[in-house]
Amino acid sequence: MSQRKLKIGCAGLGRMGARHALNFANRTPRADLVAAFTPDPKEKEWAATALPNTTVYLNYDEMLKHPGLEAVIVATVTTAHAEQAIKAIQADKHVLCEKPLSTSVEISQSVVDTASKKPHLKVMCGFSRRFDASYRQAYDRMDQGAIGRPSVFRSQTCDKLDPSGFFVAYAEFSGGIFVDCNIHDIDLALWYFGQDSVVKSVVAMGITAVQPELRRHKDVDNGIGIHDMSEIIGTEGKLAINANPQGTLVEMHEPQGIRREIPSDYYGRFEHAFVTEANEFTAACLDNSRLPFKLSGAVQAVQIGCALQESLNSGQKIHFDETGRRIETSKL
Amino acid sequence: MSQRKLKIGCAGLGRMGARHALNFANRTPRADLVAAFTPDPKEKEWAATALPNTTVYLNYDEMLKHPGLEAVIVATVTTAHAEQAIKAIQADKHVLCEKPLSTSVEISQSVVDTASKKPHLKVMCGFSRRFDASYRQAYDRMDQGAIGRPSVFRSQTCDKLDPSGFFVAYAEFSGGIFVDCNIHDIDLALWYFGQDSVVKSVVAMGITAVQPELRRHKDVDNGIGIHDMSEIIGTEGKLAINANPQGTLVEMHEPQGIRREIPSDYYGRFEHAFVTEANEFTAACLDNSRLPFKLSGAVQAVQIGCALQESLNSGQKIHFDETGRRIETSKL
Amino acid sequence: MSQRKLKIGCAGLGRMGARHALNFANRTPRADLVAAFTPDPKEKEWAATALPNTTVYLNYDEMLKHPGLEAVIVATVTTAHAEQAIKAIQADKHVLCEKPLSTSVEISQSVVDTASKKPHLKVMCGFSRRFDASYRQAYDRMDQGAIGRPSVFRSQTCDKLDPSGFFVAYAEFSGGIFVDCNIHDIDLALWYFGQDSVVKSVVAMGITAVQPELRRHKDVDNGIGIHDMSEIIGTEGKLAINANPQGTLVEMHEPQGIRREIPSDYYGRFEHAFVTEANEFTAACLDNSRLPFKLSGAVQAVQIGCALQESLNSGQKIHFDETGRRIETSKL
Amino acid sequence: MSQRKLKIGCAGLGRMGARHALNFANRTPRADLVAAFTPDPKEKEWAATALPNTTVYLNYDEMLKHPGLEAVIVATVTTAHAEQAIKAIQADKHVLCEKPLSTSVEISQSVVDTASKKPHLKVMCGFSRRFDASYRQAYDRMDQGAIGRPSVFRSQTCDKLDPSGFFVAYAEFSGGIFVDCNIHDIDLALWYFGQDSVVKSVVAMGITAVQPELRRHKDVDNGIGIHDMSEIIGTEGKLAINANPQGTLVEMHEPQGIRREIPSDYYGRFEHAFVTEANEFTAACLDNSRLPFKLSGAVQAVQIGCALQESLNSGQKIHFDETGRRIETSKL
């Protein structure tokens, strides 16, 4: 094991960027967060105290030139992911890019194409659930044959309400709920069923699209403890992940019954997965070992997400042939 | 409260018929099971011991003429439900008919039409979940506003594997899984969202239809403890029914973890609901009080079930206009 | 199986008496509740409607003379249990006597002595948990060796607050909490570990005895959902009964967390056990089959309960020798 | 917040020592593990790789002289705790000492006395449960009045079987199960009920002391998933901590039922508490802020643990007067 530390920089110090930066600075023993980029002076000010050993740049290209920099976390807004990831790869840096690579299939593919020209670099899309202890245990059990042949996968991802209206504004650029949020569920399906799985058809339904209730419904999905959960049904059993969510191990026995509190947001649920992600990405860069999954899956996930979004909007089911090409409804 | 007992007869002494007969004979204080019909001499023999106070007929029409008979339970094979229910109504008997009335929408409707000419009779389709304490509590909580405005209903019904091949033979006449089995889920949606709800579209997917694994898959859905469960998601909360199934209140702490056993079949789960059904149907007949739900919903449920079955077979989504008429895909 | 019905009478139509009477009248197919006794005219009036086929006596001795009466349920106040049970045995009736036989060991023993002179009679003390499906399943699992050698038994029984002050008045004659309430836990220990177990010592502690908070504490034990539960720890595993109590199968997902409601009192928890008790007692009487447990255990349970009550009051641990005789502390 | 890092040394690199060392080296951003002590050359060899930036000493006194050393973790065998803690205090180092300070009340008190002469030093006994998120949430809820007035505290601590015979050898010096293991439960009681609580009496029972099954029983307490748990019963509710233990969030649905796996040992359960402990101890040293609890409680805990051990051995209940002095049984 090399005792050398990985010199890494973090692009973006917003909500997720700040978390990545703190994880690499304080909870990733083999990494040094030497640089960070933010266009926001307030975030730069925050970093002066929170990240005392990190040089903060207001310009992304400047950060890439930080002496000795070996790797970059891209955790800016989704619209910037692909361009910044491509620039970093071209500057010969390893890249951990937040999901999705892009809301466009073509642009996502361009990141993969760029990376394929630099096979010595580690380029990973940050599907954090892949590093979660529960999802990993479920995968191992499935892989060991505990549930026979996996047949049905069911998964839901939710996000916490931001009453500031953040999501409504965010929705303009997010690519829609399937590309932004449920991309985690799609990625999990690709993981559990294998990236070589062929999608035959997709269909989406939602009440936000057909009623003037978008905001209120989002409120619902969050305020009430509708939580992330997944299940894999096999021919001999079922694995459920987070069907019974739990914050701490405390139960309250009250006159109204027995009550468990649950994590208030996805970071409360997945905090340790992000730390594991940081440590495993760092190890892969330093030891030149394999990343746990392929970058190309990130394009497949966007492709499926976009088809679901289209189905949601059109109300139609979308069919594919065995090579993955779309079949027009009139030709069915 | 009348102290008079309801004289009732049970058509069918097979799996469900025998249960109904025993429930009316032994667990329905206000009913007397005076008659039963079965074409099967073995079942007649069983009844001689199990139902000592009941006259057993090998001919349905004979049973209808039993002196003083006031009501009939129709619990024969699905293909006989409608005809026997109609005969009983015409003979001026109250009727509790097992679900579905028929696998055909038209035939189901003919039962409703016949009943509507005899408004003094109580005619009910046996949707047993409507009598389950858990489903009722969930309905009450929803009705009291506990989860805000109900928005999404999700429900699954499974059946236990019969390794004798019963289901494969049964499938020939059952009308398919949506009309036979998931009709419970459809009925629950009509209950929770109201019978006046308008269906906009239906779409079904399944792996049994597209793979030569029907039997093995059925095996799976049953042998493994995939259990009935439902959830109602509202704007301010969620109600889950049987998300954590439980047979007894025992938990086993073993080296492999903590384990709960669960009911081995739907009757283990719903036994008490069937007893409640028997008692409430009896009370409605004796006291001329209202049945808890309308017969016409049973036609709607078959209609939706048939559309789902068609969607499963064709791979297409099916759309309806606001009056419930189908819209051709080409006209969308 | 005899088709004859057992003619039974119920002494007491108070809280528990009324439940027993209704269970034998309506939920015990092989029994006829032909007679009942209550000294209370209001209860007699209630019975006129609720038990239309039952003759109600205001005098216990009169009830015993009811033509054809074969068996008696004793469900009056604890202080009357022994005398009424003895009278019934002497009148050659089978007896199901509510727990405890008496708060006095000697008087309890006198019931056993009387019964031993009439070995053809079925005389049982109503330890209802012995008929509960969960406790039975746990016993079976233990008996099959699922947890190795049973080593530790832990059990708690609670009762629901009666804000009328019922319990405070009741406490005057109840024999104290260990003889009245925790006698269930003691009986369970005798069941699970065997009636031949030798008690080495007992010690009791409680906050009700040392603080002026008796009533308020009782309130606590009830209002808050401190529920009955038991666990049997063995050398290879543990069985927990009702560690996670559950009323219906509904879970509420609310902003404050996930909540289950639980049965509001012991009858909500044990209703079906009482019905099973009624049916099994009836079957034993009609078929002259063995009762599931011996009457003598009821004396042992009172003996242990009295020792615990004494320990609670004196603050001392009480020791016994191998024959069950007490050892004075000064002789240890 | 000071950006300076705390220079700390770890005495002991055995089971717990190695964990503390790794936590301070890799998961405590404000600490530098500059030194370590172990008398074991194999552990020194392990440290060369695992703790590349730490100087390892084979002599404790040498380690205390490490340049700039400010604080010491004492994680050696229990018999060395007190002497090493006292030496460190005398050398003007902050001390985090593993529990118990000693198995002797007097020796434990001598650590407190030494520390009281150096009030500028932070000296803490490592009761790790005090840093656990679940125990803290339960304390906060109790403190906010969620369960009314706390009345009963029930708690159990178990350890994992070490089939090497480690525990049997260890037992010679451990001070017995109450001082070594259940001292956590005692400390929790002092925390939840307040360190000023007066103990009136203690009584202990156990099957290990009276049967030749010590080893096998220990095996049991561990191999089977008897897990740590606590509950606080108040006048208006109950708080349960880890009544339903959980390793990951995965549930297995199998033919035998629904199963959760649980953490295999106490470190799996409390790993994050140890990390929090390391970070909070470091912050208190650097910022000269208050430790979360007083050192003197560690003496009280040993005192109560010794009395319980004595009660276990003698079979007697032990009484104390209001000042904490023992009352002889003959004087009661």
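Note that the chains are named A, B, C and D in the order they appear, and that numbering of residues resets to 1 at the start of each chain.
Throughout what follows, contacts are C-beta pairs under 8 Å (C-beta built on N, C-alpha and C of every residue); 3 or more make two chains touch, one makes a residue touch a chain.
The shown structure was predicted, so the numbers you read here are calculated from the model rather than taken from an experiment.
A.B. asks: Weigh B-D against B-C on C-beta contact pairs and write down the one with more.
C.D. replies: Of B-D and B-C, it is B-C that has more C-beta pairs in contact.
A.B. asks: Please identify which chain has its centre, taken as the mean of its CA atoms, farthest from the centre of subunit A.
C.D. replies: Farthest from subunit A by mean C-alpha position: C.
A.B. asks: With centres defined as the mean C-alpha position, give me the subunit A-subunit B separation in Å.
C.D. replies: 43
A.B. asks: In whole angstrom, what separates the CA-based centres of subunit B and subunit D?
C.D. replies: 58
A.B. asks: Suppose each chain is reduced to the average of its Cα coordinates; what separation in Å results between subunit B and subunit C?
C.D. replies: The mean C-alpha positions of subunit B and subunit C differ by 38 Å.
A.B. asks: Could you check subunit C for residues that touch two or more other chains and list them?
C.D. replies: In subunit C, 223-226, 236-238, 243-245, 247, 252-255, 261 touch at least two other chains.
A.B. asks: For subunit B, which residues are in contact with subunit A within the complex?
C.D. replies: Subunit B residues touching subunit A: 147-148, 151-152, 201, 203, 205, 207, 216-217, 219-220, 223-226, 233-238, 243-244, 315-317, 319, 329, 332.
A.B. asks: If you look only at subunit B, which of its residues touch subunit C in the complex?
C.D. replies: Touching subunit C: residues 1, 3, 25-27, 29, 49, 52, 133-134, 137-138, 141, 146, 236-255, 261 of subunit B.
A.B. asks: Once bound in the complex, which stretches of subunit A touch subunit C?
C.D. replies: Those residues of subunit A that touch subunit C are 223-226, 244-245, 247, 252-262.
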